[in-house]
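Okay, here's the structure, questions in a sec.
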Amino acid sequence: MSELLEVKDLSVSFDTPQGEAQAVRDVSFSLKSGEVLAVVGESGCGKSVLCKTVMKLLPPSAKIKSGSILVNGTDIIGYQERDMCKLRGKLFSMVFQDPMASLNPSIPVGKQVAEAVKIHQKGLSKKEIYKRAEELMRLTGIACPEEHMKWYPHQFSGGMRQRTVMAIALAGNPKIVFADEPTTALDVAVQAQILDMFKKLQKKLGMAVVFVTHDLGVAARIADRIAVMYAGKIVETGTAEEIFYDARHPYTLGLLRSLPMYAEPKGELYTIPGMPPSPLSLPKGDAFACRNEYALKIDYEEEPPMFCISDTHYAATWLLDKRAPKLPAPYR
Amino acid sequence: MVRYRLLDGVKKVFLFLFSIFLLSAAVFFISRLAPGDPLVSYYGERVERMGIQERVWAEEKLGLKDSVWVQYIRWLGNAIRGEFGISYKYKMDVIEVIKGRIGNTLLLGGVGFCLVFLLALLLGIFCAWHENRMPDRIVCTLGTITSCIPEFWLSLLFIFIFSTNLKWLPGSGAYAVGKADDWGSRMEHLILPLTVLVVSHIWYYAYMVRNRILEETGTDYVLLAKAKGLNKRQIMFHHCLRNAIPSYLSMAAASVPHVLGGTYIVETVFSYPGIGTLSYESARYKDYNLLMLLSILSGAFVILCNMAVQKGAERDGR
Amino acid sequence: MEDRFEIVGIRKMPDVKLVKKEKWYQGKPVFFAILLGMILAVCLACELVMTKDPFYLDLQHCNVPPDGEFLFGTDTLGRDIFSMIWYGGRVSLFIGIVSAAVSTGIAIFVGAVSACAPAWADALLMRFTEIILSIPSLLLVLFLQAVFGENTVFSVSAAIGMTGWAAMAKVIRAEVIKLRKCEYVAASKCMGGSFLHILWEHFLPGFMPSIMFMAVMEIRSAILAESTLSFMGLGLPVEMVSWGSMLSLAEKAILTNDWWILFFPGIFLTVTLLCITRIGEYIRRKF
Amino acid sequence: MKDEILLDVQKLSHKFFPARKMEVKAVDEVSFQIRRGEIFGLVGESGSGKSTIAHCIMNIYQPSGGKIIFYTGNCQERRGFFNKKDMAVQEANSIDVCDPKEFRRHRRMLLAKRQIIFQDSSSSLNPRKKIREIIAEPMKIQHIAPVRGSLCAEAEYWLNQAGLDGSVLEQYPSELSGGQRQRVAIARALAMKPELLVADEPIASLDVSVQAQIMNLFLQLQKEHGFSFLFIAHDLLAVKFLCDRVGVLWRGKLVETAPSKELFENPCHPYTKTLAASIPVPHFRLRQEGDVW
């Protein structure tokens, strides 16, 4: 399989009254076609900025400072709005967190899906467009689409709205779908249904998915590969098995250990001490050092490079260096 | 559902009539309480030379002798039958007086209103399109300045420049003497008042349109529309504008009285024979019957507009 | 070299104080504030600046164009416009501030009561407000002036103040209803906060900024209303100097091409209104 | 101590009227008890009436039916005596919160003994007040003399209890992170030394690692201060970790109440089963000592 999307050394920052906020710092990752990559991280770590950068959907205050975005080998970093319009929807598409906000409240949902179809399949008659829209809605699991097409978003339940948004995203047969926390705003039971539908469609249509989430459980359910982000950097990346069974970065380990599912009820949960640094004033060296019990002296001086653990598994922590002292499990 | 709607409609009509009734009562008592001699407007200069007996006779003739309550009830009885009395100044049926003038105001106010709202919409879209870039900034600055110029002063300025000095356009009246049927002359007389009306009101609404559209462009569904491949023009016209226009329309309806008031001022400065000059005169010189009908007309108009806005808001409430 | 790899654990990071990189004046209408301040200051201290008595009818010097003696010329009655501008500005600004205070007071009262009252009282008050809105304000002002008797500075400002509150009351009502739904108000209620406590601690600071904005804009519309009324001969009479009454002479001056009578009061009026608008906009943006 | 009931909710119902001739039963005959020193969890999806119950308990809403009885004082010693005099005492010690008259009579006491923490800490703290003022507000309302000298010292003490230091005292809520704000809300509630703490989805809007911190804090504070705790959440795992007993709400009805361990080991109601089955649980393992790598 070839690399469908390759992002290299991407840095994005925002202009704020307090100065420059570094949202994404030197991020590199790649995506093969038909693969699901989950980007996991806490709020403010830059995971959705990363998606929006690739789609060029950033607000004007954001600036891409460096890096390249290769799609099928062509660099789109310098593309202007006009060129991007042709790529959006066809090559990549996006699903957002809040399905209510991402549908126009004053247009019937069917029309919104049809609108997306119309852009990508030129020369279809109105009837054919609506037929295709109906098909898309059935595909995403909306019962009786011909009836529901006339409804307005506010008449839909949360799950149905998110299915509609999926239908819109799929209208142009995109190669890559960016999903920005698509299940966060939904109830647990609905979340499970949407995730299953997502996985099924992904298999069926063979598209690549970048799935942004803060929930490790969701990531485990859907992802082939996982990238963990912290303070604008990818700190660990690997296949799902590698992340869940052989995590190396202390941040990933901390996240896993603070999950309540296997904790002794009423015992004490492990917590990562401290708080993530502000993107306005990142500390020198490793951004995670000041929350890491086993931080090395070098962590405060120099940023760690990506250490290779296996072909697919990389982590950015000095603890993996040959010279680092031996630590107790699970860190070593 | 039908019954419910019918009931609602009846309720609305009743509410409307009740409001008009209250309004008429308020205006009636207010105008009688205000000082001034209504006889002046009927007899003009002669009043000063009238003896007491003559005065009493005149007041009786105009029905001003009775207590205010009796007068009001009498007026109300006549009004229900469609008789609003005669104008003291013009000495003819007030309906006739208004009929002769209302066309002029409808022309000025109507065209002005449409122009203001249409141009404001266009200007607002223009500014939103160039958000925070040079064209937007220039228009915003200019707009703020023009919106701060008092309407009457702008009128005076225009008359001074274009009428008195350059002599390009006429500065008063609705048509040249003896040319009442000449549309060209009417148009010529309309240009200056219309310009003043548009210039002094447009920015208030254009700024609102601009902010409303920018509010819409910040939402998630615009991001989704972008993500599905729509270009800026499609997003602006199919999504943002579509959502912004209902609230704009209701705001336009709600601000009819605002523009109406502006029309009155412009009419007065340009001595344009319309409702505005008429109501100014009638209020100033206590032409009671005329004043009543004028206030009720403009009040009814305003209340109707408010009701339309409410109706629209209810429908938009989903 | 190896000691760089010794475990040091969590080090306390120095607290970074975020400082705004913008200069203090950025985004603030400093120019307009200074301009308004200057106009205000000179108007208040007009006795020091005036070169002539603004009331003196110098009938030998009617309609004199601006020159060394009469800086802004004289009007049709022979009064010195330069002196009148400052004296009249004091009157206009005073009327603006007083009537804004009056209408803001009424609007806060009606709006807050309407928002907190039971539904029927709320409907009644709002209907009343709408009727006030639908009576032509010209008429209302005339009536109020009648009640107050002669046209004085106070009667005009009271009349303007008592007619201009309706739209503001509606906004305040909406604002209070929005605040009432806030969770921190519910939290305060749960802690046992009385109505007065909530009003004082939460409502007042909550809608102070929007009231400030509206009050500033009310000053603006009151100044505008005064000048319009005086211009039309319904406000202050010509003998009482204000920017509006000065302009009431302008209509005749146009015919004789005496531009200065029209120009100077209008320019001062416009500039003052512009300054107030800009400051009002800043207040709205800031909060 | 553990068996003594603090709050008895009996057949609580609450209806909303969103439009003319439309009635929505947000809560439908819900009954449960909270014992002293117990953590009781309520789970359910959005719109199942969890928050409405919390609001009814806190007297923010007046329920349309049912009783909420709050037991005060130490009734334990009187148990077993059944003469009339003691019955009267017993009655005075149980207050029906839903009865406006009784509520008014005991208002001051009730408002101090029950405290609530809202989901959205950014809207439950007044953005125009400093943290110091926010924490001191309930003490000021209730006219409680500060034990530690000044209101400020008191505020600092409770902030420390909630895991923050005094440096935030002079800051505004918008300058703090979500987790810190929630800690401030906790400190404010604790400052009243409540017997019942109601937390309406307190961790829902927080990040995973912060959620863990807040849950630890809850446990530790509950051990220290011994209040009863009604924990409302949609996250089953958090409830399982935190609570002694759990009630499952479904469309306004309480479908199952059980000790949390039992509930997760064999859920009875089909809805509980679906709920339990749909939690995305990652299977993971942390490396042990002696693993080959």
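The first chain written gets the first letter, and so on, giving A, B, C and D; residue counts start at 1 in each chain.
Criterion: a residue touches a chain if its C-beta (ideal position, glycine included) is under 8 Å from a C-beta of that chain, and two chains touch if they have at least 3 such contacts.
Remember, it's a predicted structure, so these values are computed and weren't measured experimentally.
Across the two candidate interfaces, B-C and A-C, the one carrying more C-beta contacts is B-C.
Distances from each chain's CA mean to the overall CA mean are smallest for chain C.
Centre-to-centre spacing of chain B and chain C amounts to 24 Å, using the average Cα coordinate of each chain. Our note on geometry: chain A versus chain B, Cα centroid distance of 55 Å, whole angstroms.
Centre-to-centre, using mean CA coordinates, chain A is 51 Å away from chain C. In summary, the structure contains touching chain pairs A-B, A-C, A-D, B-C, C-D.
Across the complex, chain D is touched by residues 42-43, 187-193, 195, 214-221, 244-247, 253-261, 263, 265-266, 268-272, 275, 328-330, 332 of chain A. Touching chain A in their complex are the following residues of chain D: 45-46, 177, 179-180, 207-213, 215-216, 219, 234-238, 240-242, 260-261, 274-275, 277-291, 293. On chain A, the positions that touch chain C within their shared complex are 17-19, 273-274, 277-278, 280-281, 283, 289-301, 318, 321, 323-325, 327.
Listing the residues of chain C that touch chain A in their complex gives 1-13, 16, 18-22. On chain B, the positions that touch chain C within their shared complex are 19, 22-23, 26-27, 30-31, 33-36, 144-145, 147-153, 156-157, 159-160, 164-165, 257, 261, 264-265, 268-269, 279-280, 283-284, 291, 295, 298-299, 302-303, 306.
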